[in-house]
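Labels run A, B, C and D following the written order; every chain starts at residue 1.
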């Protein structure tokens, strides 16, 4: 269970949010929406532990995520709106390295299979700089296919994706939720996801 | 009195330039710092519209 | 895991060979410019050679510091590193090793050739190369702290030199000092053991400080 | 008497406390300075080796001491701020830096003006002066780093790291420079090397050092107050000040 208690966070002198509390159980989805600059990305960066809140605490199964550190990172996958894709590396290299960084080493076959499933057949050996925006996004999202983590924190995973890819991501999310995973995501697009419960958080 | 005359005091046994050069710059630094520090504080007070008494 | 990082950074460097060569050429040019500035008098040059080569090495390795984290920062890889189940200090260590392999080792290899320009005797050439071999990793490790602190700041490139160059002083003194001591017929073992001590201290402390700085800069 | 120290750790409380302490430190600094100057020029005897030029030590030595003390204290408060996330200590650390840099500059300047008649050159690569120069670079690095960062929290923490790295390095740099200097047979006359310093000289130096301490504290307090106002300009207690409510 991921719990946020009385979170407060500000950028410079600008207060993004305060007294924000929620908790997400296993199998639950939290959709975060709000206008640009309302602090969606900031909230996700707090939840994954990149930033520290000014006030309040974030708990994973009752323990502060800052104290858990690497134990929390082992069960959590964060996909920022920057995908961590290197222009000079091929799709396969990109995927294998980002998986290795997440502590989940995969071999070339697994990487190739994942990229194939996400619709990049024949593009595996191309350097990322020749891929389109949507294809690069898919390379980043391919991590979700091979990861074993429970908590997914996704920042705008659907941008630049076409309908088939969006559908594919929806299935992926549903699969993770049905296994008892937790998903927190921001999105501008409407998406129907069947989850045990889904909460909607609107930041203003 | 240690010094025979004012000019002896100023000449510092022939080292006047160096002694007063050091002390002069020290004075300049200290006065300059005080000025800058107070200016920063006063400007802030004005910007924020504070009218607290102890605004040195 | 460290190996993954080193392998990746080397791979990236291989795909962008121009960057590596720029640093190397910078080093060569700086060293070659000095005689034009101070005159071709060989005796003077021989005395100045260790200092010149070392200062040029300092500048060259600093020049490449900006690239150490900025690429990973702009494409989001750094966020993933922060969230890796592997300790960030270990990843940082990998990055520093890669930085040294890419910028430090070429300098070490080319140094004897540049020393010949200054008519250094064979023993001095050897000591110079060895001192660079021990000193350049320290430069990469200390530099990593500066690079992490100035991440994403405007004017970060100049700022990093301001932060890091004063910290390079001991390495410069003992690196260049070793060559001078050997040229003067004095022992240079003491210099080398001190360089070794600096290396040890920076291996222990710097990845930790760099990791802390990265978390601060990203948070 | 039990004092609740945590109470003073709040920027608002400190703001008012500092405001009341500043006049005290200013007065003490001025008095000490007057006494110190009197001793320096009218009591301390002429040095038989350096004649009257040695009177520069009455500012050189206190300035050099302050430059080092202030760096240590700055790193200490910055470190506390980093470890315990206490905003006030980080603010004090940033308030110390300019005064520290000023004293470092003064130590260098007076060192040069003493060196000219004694060594015959404005600058000599003497171990003390060289370390002092590097210390100035460290101060400038700290201030430039903080100035380049917009987010005050990041500026505090980044400054703390570089200050602490500097503290670890200062002894290493100092001994390196010392060794380098002896290896190259540098200047042999030192500014504070008089075989037996007259008591009056020592007293003068100590009183001037105390005056410098009091002056530094006063400056740091005012600067900390400015920093507090800048950072807390949107809080309730500052708004209260705007309305002219006076607290005691």
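One rule holds in what follows: a residue touches a chain if its C-beta (ideal position, glycine included) is under 8 Å from a C-beta of that chain, and two chains touch if they have at least 3 such contacts.
Which protein is which chain? UniProt says A = Heme exporter subunit ATP-binding component of ABC superfamily; B = Heme exporter protein D; C = Heme exporter protein B; D = Heme exporter protein C.
All values derive from a computational prediction rather than experimental measurement.
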Remark   = Listing by label each chain that touches subunit B and subunit D gives none
Task = In contact with subunit B and with subunit C at once: which chains are those? Just list them.
result = D
Key: Comparison of C-D and A-D by number of C-beta pairs in contact, larger one   = C-D
Chain separated most widely from subunit A, comparing mean CA positions = B
Query = When the C-alpha atoms of subunit A and subunit B are each averaged to a single point, how far apart are the two points in Å?
reply = 59
Note = Per the C-alpha means, the centres of subunit C and subunit D lie apart by a whole-Å value of 32
Key: Distance from the mean Cα position of subunit D to that of subunit A, given in whole angstrom   = 48
Key: Centre distance in Å when subunit A and subunit C are each reduced to the mean of their C-alpha atoms   = 37
Note = Each of the following residues of subunit C touches two or more other chains, namely 219
Note = Check: subunit D positions touching at least 2 other chains come out as 233
Request  = Please list all residues of subunit B that touch 2 or more other chains.
outcome  = none
Ask   = Tell me, which pairs of chains are in touch?
value = A-C, A-D, B-D, C-D
Request  = Provide the residue numbers of subunit A that touch subunit D in the complex, in ascending order.
outcome  = 11-13
Request  = Give every residue of subunit C touching subunit D within the complex, in rising order.
outcome  = 145-146, 149-150, 153-156, 159, 162-163, 165-167, 169-170, 173-174, 177, 180-181, 198, 205, 209, 212-213, 216-217, 219
Request  = Show which residues of subunit B lie in contact with subunit D when the two form their complex.
outcome  = 1-3, 9, 12-15, 18-19, 21-23, 25-26, 29-30, 33-34, 37-38, 40-41, 44-45, 48-54, 56
Request  = Sort out for me which residues of subunit D touch subunit C in the complex.
outcome  = 134, 137-138, 140-141, 144-145, 148-149, 153-154, 157-158, 161-162, 164-166, 168-169, 172-173, 176-177, 179-180, 183
Ask   = Which subunit D residues qualify as touching subunit A in the complex?
value = 150-151, 233-234
